[in-house]
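After this come two complexes, each holding chain A, first together with chain B and then together with chain C.
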Partner chain A sequence: MNRVLSDWRAILVFVGPALLLYTGIVLIPILWSLGLTTYEGSPITGFHRVGAANFVRLLHDATFFKALWFGTRYAVFVSAGQVIFGLLLALMYAFYLKKTSALVRTLVFLPVVLPTVAVAQMVSKLFAIVPQYGLVNSALHALHLDSLVQAWLGQGGTAFWIIAAMDIWKAMGFYAILLYTGLVDIPEETIEAARLDGAQGWSLARFVVLPLLAPITVASLIFSLNGTLKVFDSIMALTGGGPGNATTPLTLLFYKTSFTYSEYGYGSTLALTLAVQCLIVTLLIFWRARRSGA
Partner chain B sequence: MPTLRTTTLTALLVATTFAGAQSKKVVFLSGQNEDVGYTRIISELAREYQKQHPNVSYEYQNNTTDMTQKLQLLAGSNNLPTLYSIGEPSLLQQLYAKGEVVDLEQTFKRLGIANQLNPVAVDINKKLEGGKLLGLPLELNIEGVWYNKKLFADNGIKEPKTWDEMLAAAEKFKQKGIQPFSASGDQGWPLTRLIGGYAERYYGSDAMDRVKAGTLKLTDPGFVQAATTVQDMGKKGYFGPGVNTVDYDTAVDTFLQGKAAMFYMGSWELRNFNDPKRNVIGASNIGFFNIPAVKGGKGTMNDWSINTGLVVAVNQKQNDAALGDWMKYVFSNYGTRSMSELGALTGFKVNKMPANVPALTTMTQRKLDSAKKGYLWFEGYFSPKATSLSQKNVQLLVTGDMTPQDFLGQLQNGK
Partner chain C sequence: MNGGTKTMHTTATPAPARTTRVPALHVLQRLPVTLLVLLVVFVAVYPVVWIFLSSLKSSVEFSSSPMWALPQALAWDNYARAWTEGHMSRYFLNSVLAVIPSLALVIVLGVMAAFGLEIMRWRLSNVASLVFLIGIMVPIQIVILPLFTVYFKVHLLDTRLALILTYTAFGLPLVVFFLAGYFKTFAREIIEAAIVDGANIYQVFFRIALPMVMNALVTVALVQFFFMWNDLLVSLTFTQDPDMRTIQSGLLAFTGQYGQREWGPTFASIALAVAPTVLVYLLLNQMVMKGMAAGAVKG
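The block that comes next holds the complex of A and B.
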């Protein structure tokens, strides 16, 4: 192995094509976007240098802070939901269903492979109010709870919870599988030994299973947070960021700023803040995990 | 002999190049389905032309994503199609400044088909496009409130002449359990049109021109009153439940199935009003009135919101002799064909009036002819950003989640 890795030609063959592709479609655009933060304009109107004006504008932009707050709130709730439900499902697979969990695992995993737009279509029909009541409103109507019949996706408050619930439901199967593989890796003897020492149920989970599962839980959290901070497709398909900008996260905001408002410079600045946010979150989790690990 | 071979090769190459230059491909990009409205007529005429001139082929491209974004990306990479729909006049002017867009008045004069254009339509477009005719006036629309005559008669309500009468009628319908207005809050613009309409009645038909010139602010009292009125209409439930989730087609169907009494819309919807498959309440049951007067306002009901529909521009980089001949054929026949097939009013001359024009079309034509002054829609002069803000934030306005002052303040800053 060492011989292979010390051979620069081998490295070139193995890493070269991927690195070239990565540089071309990831690194260069990132640097380009970074450079654009000091410019303003669009390919049609042309670009001009504005220095730090975009960053000054950022500090006074209420829409930006609203999107940042929405995105953060969304990421916290959805990531917590995805990992907690994933964990509960994984524990269920491993300790309750044991060998017979294959069917349940498949069913819970199914939404992960469905296209987001299709899922969003289904959810929007579920919560529809016009032209017909969707399942939820019809059920409320049938139970004589007409005062609760409402435009679930037409109001910022309720739309938030529906988007969150949809994304948790869609992704929890993935985290369940991820955490389940971690659980399977815990040696049977360790669990047996803990059981002999009298640990069971909650104490078994709290003092034996969860600590052993910590590394993979941290990985899940990082996956999940980075995914949810960068949420785009589910919100685009479900509410388009509306009503108004009530469900607009940073991703949608910088997409709109660049490509609808023709403000490529400010759009890049917004994108940069998201990158920084993702970086901070990841570092925080690593730091926390390392400290508790030591 | 290498010289001879080279010469032959060069000659061959030159010959192919010339042959290639003569064949032409016209591409039309639009967000509208190909089988409706102006896209249908243009495609039909273009295919006929292709039969006679096989070297000029035609392709229709249906765009299903955000048109403004798509055009910006295409323009940025020098890939604009031959013809394309474009929603923002401000973007069109930017493209013209870059030499991407055909000056149609000049080109039509050169081709000898300038007489095919309706002068009113030309004026509206030029006003919108910085004094140049950059968009084809493929439609000629007036906008106003369409209403269900039977519902009005059954409830003893007369066609409203003032805004207060219209609100009184709405309240009466609501009490009877009939939805007063059908509107697509998902689109947003059907709601902002009401704000614009109110302001035109308050300040007169030059309201938005004055905003553009800077002598009037969107935060001035007339606009605040307009936004407040529309907000109240929303809060009272006049637009029905879940207005923000109502998409365009649902709004049309709600009205055409008799579930709502009134519907603010442009006359381009005549094609659906005249379609018995879609129109359940019947074409003879539909009435039409202009945005009613506002107490103490300067505007009158003789001022109409007139426009030429979604603007379609032509690519200057492809404006050659072959495209000229193509345009000559298509646009000499466009007005007549639209009238005979769709009963649609356009900005082009109808050279031969068909025998049976639908009654609703004739009625609309008469209203259009009676118009003293025309004004543009609320966002006509806005930047793409302000347009987007207006049509998105109005959703928050009608649910009461945003104040009229805040709504207008953002537009004043973004315009």
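The block that comes next holds the complex of A and C.
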């Protein structure tokens, strides 16, 4: 038995190819990227060592702090939106639609599988002002609300809300399915018992359903924060980070720094801060979840 | 992924007609909820419908009638123009030629690795699993620059191979974990019995393990298809030659340079980028939903 299951040549055949590719394309580049933070330059201009200069620059870079703040604000807001709307949808599926919810679940999930670039292009057409009014502006015009017709994506303030709304819209069906799975796993008897004890409507949700759903809600939140901190496609395709740097998160700043300005060392430093941010968020939520006993 | 994916009750059959004799009052009570449900469905689906409707409008209609109007005559030539003048045919082909080999590779390598990590017994298997876990947590941005440098040096930039290697390597962690989860759930006794009966490890893999995870393979392949088809960052970074762009990075460039004045072809090109995912989803929606949810719980 063990002779067959511990045959090292077979293990090499099975795990070797995947591990080799993964090591070459993911693992070594991670280490390499850490090393790059102490260099300056690009493959075309050549690299030279600068020690901790990139980190010093980071601390004095107003653009970096602006991107960090924008990205964090965006991630917190959008994650909250995704999970809250997902939760409301899941409650709707489970308590109002019950067994007839399959079609609704399927339709609400549809945006999840769409390419973000295409969705962003669509949204930019929705909110367009030139060359012609998009759907939103033409609707406002038709309602004689011309004072509200504006370049929605050309202003940092409104652009933030549109990006946020789009990313919440795109993902809420996904979190609804995730949380719905958790909801149907709650034993029917538990809910019945609470009903007999007089819990109804909001109090049933507040004191029985939501606490039982807490672990999967926390998991959803981690997943969502992790995803939204890495947001790239939607903002790149919708505003390109503009106007100015008004909608630039770390991922876009990283991309511009690396490929528009060819500053690889500083780019790696930005990528590292992004990775650290993702890690901190994950650890923080795990810690909170453990303390609150969820 | 609690014991397979049976936990989701996603039967498409509606409940038997229990509403035959509903008091009018009850209907009235349900009305706000029904309206809310309809609103939710409308908000989720209408934008997608809007893309397809708009893609069939002539350029005159965009300036003469409001954006929500239905197309008057079906202007299919928008698609022809997007396909040829907009180079969407090339982008589409590039996407297919990058995604299909990547999918095949990630599935084959992933199922082999999962088998090796979960079924075979060796001292460092836990360490190897942990190493794959790093790939799930680390943002892709951190490896983009070293990869760009390497691809630049070995002349892999603007090739499909660069995309295939990257997609495959980044898909591996999730595929390995997903399939290892499946291998974990089935009885080791079956495999041990086969070995006692004299099967070698390759026979065990091909005749027992592989058939048992066939459904999971399809599910995980679907999920990876959506990741790869919808990718922007990798294709944008590693293909700068317009001829090598995939459909997403092509769409980004397309609507930027030529699409501003030409709404019809622009919507047609968006529809072309969206169509495969919508088609696959409409055909296999239950599987897609299960797969994505299970992948998330794992990842």
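Points worth noting:
By definition in this document, the second predicted complex is superposed on the first by the 271 of 294 C-alpha atoms of A that agree within 3 Å, B and C clash if a C-alpha of one lies under 4 Å from a C-alpha of the other, contacts with A are read in each partner's own complex, and residues count from 1 in each chain.
Following the convention adopted for this analysis, a contact is a pair of C-beta atoms (placed from the backbone, for glycine too) under 8 Å apart; a residue touches a chain by one contact, two chains touch by 3 or more.
What you see is a predicted model; the values in this text were computed from it and never measured.
Once the two complexes are laid over each other on the shared chain, residue contacts for A:Asn245 go to chain B alone; chain C is not touched. Once chain A of one complex is fitted onto chain A of the other, the partner contacts of A:Ile129 are limited to chain B, with no touch recorded for chain C.
The wider contact with chain A, measured as residues touched, comes from C rather than the other of chain B and chain C.
In the superposition on chain A, A:Thr190 makes contact with neither chain B nor chain C. In the superposed model, A:Lys98 lies in contact with chain C only, and not with chain B.
Applying the stated contact rule after C-alpha superposition, one finds that A:Phe259 touches each of chain B and chain C.
In the superposition on chain A, A:Ser203 makes contact with neither chain B nor chain C.
Once chain A of one complex is fitted onto chain A of the other, the partner contacts of A:Ile30 are limited to chain C, with no touch recorded for chain B.
Contacts of A:Pro43 after superposition on the shared chain: both chain B and chain C are touched.
Residues 43-44, 124, 130-131, 259 of chain A lie at the contact with chain B in one complex and at the contact with chain C in the other. Remark: chain B residues 66, 68-69, 72-73, 75-77, 91, 94-95, 98, 185, 240-246, 250, 253-254, 383-385, 388, 392-393, 395-396, 399, 401-402 touch chain A in the complex. On chain C, the positions that touch chain A within their shared complex are 2, 7-12, 14-15, 33, 36-37, 40-41, 43-45, 47-48, 50-51, 54, 62-63, 66-68, 109-110, 112-113, 115-117, 119-122, 128, 131-132, 134-135, 137-150, 152-153, 165-166, 168-170, 172-173, 176, 192, 195-196, 200-202, 204-205, 226, 229-230, 232-233, 236-237, 247-249, 251-252, 255, 260-261, 263, 266-267, 270, 273-274, 277-278, 280-281, 285-286, 288-289, 292-293, 296-297, 299.
On the chain A side of its complex with chain B, the touching residues are 42-45, 124, 128-131, 149-151, 153-156, 241-246, 256, 259-263.
Contact residues on chain A toward chain C in their complex (touch as defined above): 1-2, 4-8, 10-11, 13-15, 17-19, 21-22, 24-30, 32-33, 36, 43-44, 89, 92, 96-100, 102-119, 121-126, 130-135, 138-139, 142, 169, 173-174, 177-178, 180-181, 184-185, 219-220, 223, 229-230, 232-233, 236-237, 251, 254-255, 258-259, 264, 267-268, 270-272, 274-275, 278-279, 282.
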